[in-house]
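Next come two complexes, and both contain chain A; in the first it sits with chain B, in the second with chain C.
Right after this comes the complex of A and B.
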């Protein structure tokens, strides 16, 4: 699992590459836990190369969501593969998180 | 056709487990989403065995066996440790509460129960065994 951060003005884009499981979730957790992430207005999660997510990966996003909301930082997922979106759907997380098809829609969200 | 895998109780082997399950299912011409759902259910149970039942003790091991009977996939996951791990009935997680609490865990077995047709934990001697099954057309 590789996480690449691309900061630009008020937006931080995190590109996820690989499989997010109970072993690799710590890499993403470390990135999302950085205090200066709350200085951005938006954190966009580019999921194009995210090929797998388990409950440990979902748990990382859930555990930071309230902190982001309290700081008025919007968390938006985009470019999500169908099989990964399906995992969000099974738990009903698609209704609680902002997931859009494209980068353009993520920037507009 | 049966296939089996033995791994040490370390999270670093979860990738190997997923690759093993994918390879086993790839010959069945199943939709990608279906394969991912079965891989996910097995990954969740194996992770629970590694972390909760065996405390990530790499001297312990798990045995995973996959077998098809007509269109039914049967999975057995068994450990070698002496701690009995029998997760209770899992309710639907209250995700809004989880978000508020900043909670990381508590969704894995709910996923497994939604993804598989049958989920059973039981003991065999001093060891814990999990059976999963799913009808795959």
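Right after this comes the complex of A and C.
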């Protein structure tokens, strides 16, 4: 699992590459827990190369969800593979989080 | 033995027949009887001792020598005594009368001499063959056979000419000398034992010489009529006995100067063994350090020493971090300060004149030589060992290498002790996990509800000792059955705790509400249950954890069920009338994701009427996400659906087994990475079949 951060003016894009399981969840959690992440207006998660997400991986997003909402930072997922999207959907997270097909829509969201 | 005694008696008689007693014994017996008797006696005596158990027991060399001297050695004394007695008697009376006495004593002495030689020879055999190779044993046997041959030659009366006999005897003598070179046992004597060995061997040598002297004197005695002891066999064995004793004596004697070194080496080995054995006896780290210090001091004969340990690694209390040997702590402190004040090498080094050392110049130290040696572990140093001697230039490289063996052995012991401790702790944890596993097992219903309206079959398997999957049943009044399934995110002990909690929540929320106005509100509907459960979990679930669950309330009087899905896997269903397998598509958010009142908006109830023959498959993601193939393939919802399409007509138990067999075939060779739970419910005809 590799997490690459691409900051721009008011948007932070995080590229996830690999399987997000219990061990790699720690890497992502450190990234999301940084205090200055709340200075962005939007945090975009590029899931194009995310091949698998475990419940521990979902837990990382869930645990930061409230904090992002409170700080008015928008969390947007895009380029999600169908298999990964299924996992979000079954848990009911698709109704709670913004998941869009492409980068362009993510920018617009 | 009786044969030997008999042949000796024969020898005596035949000898006497040549003496003054001849007339009474029917004149002189032929020469060959004497020869035969003597030969048989010698052979008997040697064979007797040959087959006695080895006189050497363990390493009791001194005992062997002492017994040899006090037994056969005393015989020699007796021999002289008899000789002197005989001489005295012969002075008193006439010649004629004592020729009988002379011959008797002579024959007796000959017997004693033979017995002495036999015993000595076989005692020497035990010493020569002590820790010997197979080759040496063979060589000894050849020696015995050759000696036996000389005896036989004599016995059958073959008398080779001198030019042939002498080289043979000389060669055998040389062979005996060669065998005498095997004095390995001397190395196993301690210093004190060596002195005793020298004395005992000198005594034995003296015994042999006394015998030989006696026979040399009597040989020239005109009174000697028969028999001739000058016999190649006896000559050779006497020579061997004497020579081995002499060699042993010399080897022991010249061994003494190096005995110290050998003993010291042996002590080093013993100390090392002691250090190794500590771990097996389960002693403490403090004892290991103590023995290390003691052994080191004794090995290099240091006058004083101290051991500085690092309490953070050494596994001891700070109070025991320094151990002293014959050294006042104040002096050690002073030295330590001086040593630390200067840039000294980290590792081992020797200072052979402290007064000249940097940091010590001009100070007249009581101790002049210092050896410093770290206790090196795999990852860090456990401490430092300092040894002191009063004299300068007393430590050398060799001391250092011996001590290094000691310190590494000590460190090994310490690390082993640590390992033993850790593995004990692990074992305890394992035991506790086993108990947790048993406790959790008792939380999973063993007796599935049975009725003739439906069949239930269940399966559950945890990836670790304890898991986060759960399911349960509860009979509600009015022929209703509540079925719950759930999965706590994560695995192991944390998940297991929340699983138990969820079971408690299920049982407490599914209680009849006495205030409810109508029958319907007495028990919470599934969506209401989920909302209440979500609230109950709000404060006890960690932020990143969540629980997925589905609750079904089956009303088998009405032939329908209502369920809510809180983020749990979709329910797989076979509809008997439409002959169709499908997944229920319903919305619902997992528990613990939103932790406020708004959760209820995210959960819905779904009602459904069932018909007899319908099959419901409820499971956790451990089933559909099970890995197979190259390790990235998942079992998947589609494959599960296909299996139900192939097996819906079977009994619930068989459907479950059919799916599990397929799953196990798919995951074969891959470890289970998530807990697996599978429930199969098959609805049957609404009324029990009337009895035929």
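Basically, the second predicted complex is superposed on the first by the 109 of 109 C-alpha atoms of A that agree within 3 Å, B and C clash if a C-alpha of one lies under 4 Å from a C-alpha of the other, contacts with A are read in each partner's own complex, and residues count from 1 in each chain.
Here is the rule we go by: a residue touches a chain if its C-beta (ideal position, glycine included) is under 8 Å from a C-beta of that chain, and two chains touch if they have at least 3 such contacts.
Since the structure is predicted, the reported quantities are computational estimates derived from the model, not experimental observations.
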Partner chain in contact with A:63 - chain B first, chain C second, else both or neither: both
First (chain B), second (chain C), both or neither touched by A:23: first
First (chain B), second (chain C), both or neither touched by A:82: first
Which of chain B and chain C A:42 touches, first, second, both or neither: neither
Contacts of A:96 with chain B and chain C, given as first, second, both or neither: both
First, second, both or neither for A:55, with chain B first and chain C second: both
Interface residues of chain A shared between complexes with chain B and chain C: 22, 52, 55-56, 58-60, 62-63, 65-66, 83, 90-93, 96
Chain A - residues contacting chain C, complex: 22, 25, 29, 51-52, 55-56, 58-60, 62-63, 65-66, 83, 90-93, 95-96
Of all residues in chain C, those that touch chain A in their complex: 487, 489-491, 543-546, 548, 566-570, 587-590, 592-595, 602, 621, 632, 634
Chain B contact footprint on chain A (complex, rising order): 19, 21-23, 52, 54-56, 58-60, 62-67, 82-83, 86-87, 90-93, 96
Parts of chain B lying in touch with chain A, wherever the complex brings them together: 11-12, 14-15, 18, 32-33, 36-37, 39-40, 43-44, 47, 50-51, 93, 95-96, 98-108, 110-111, 114-115
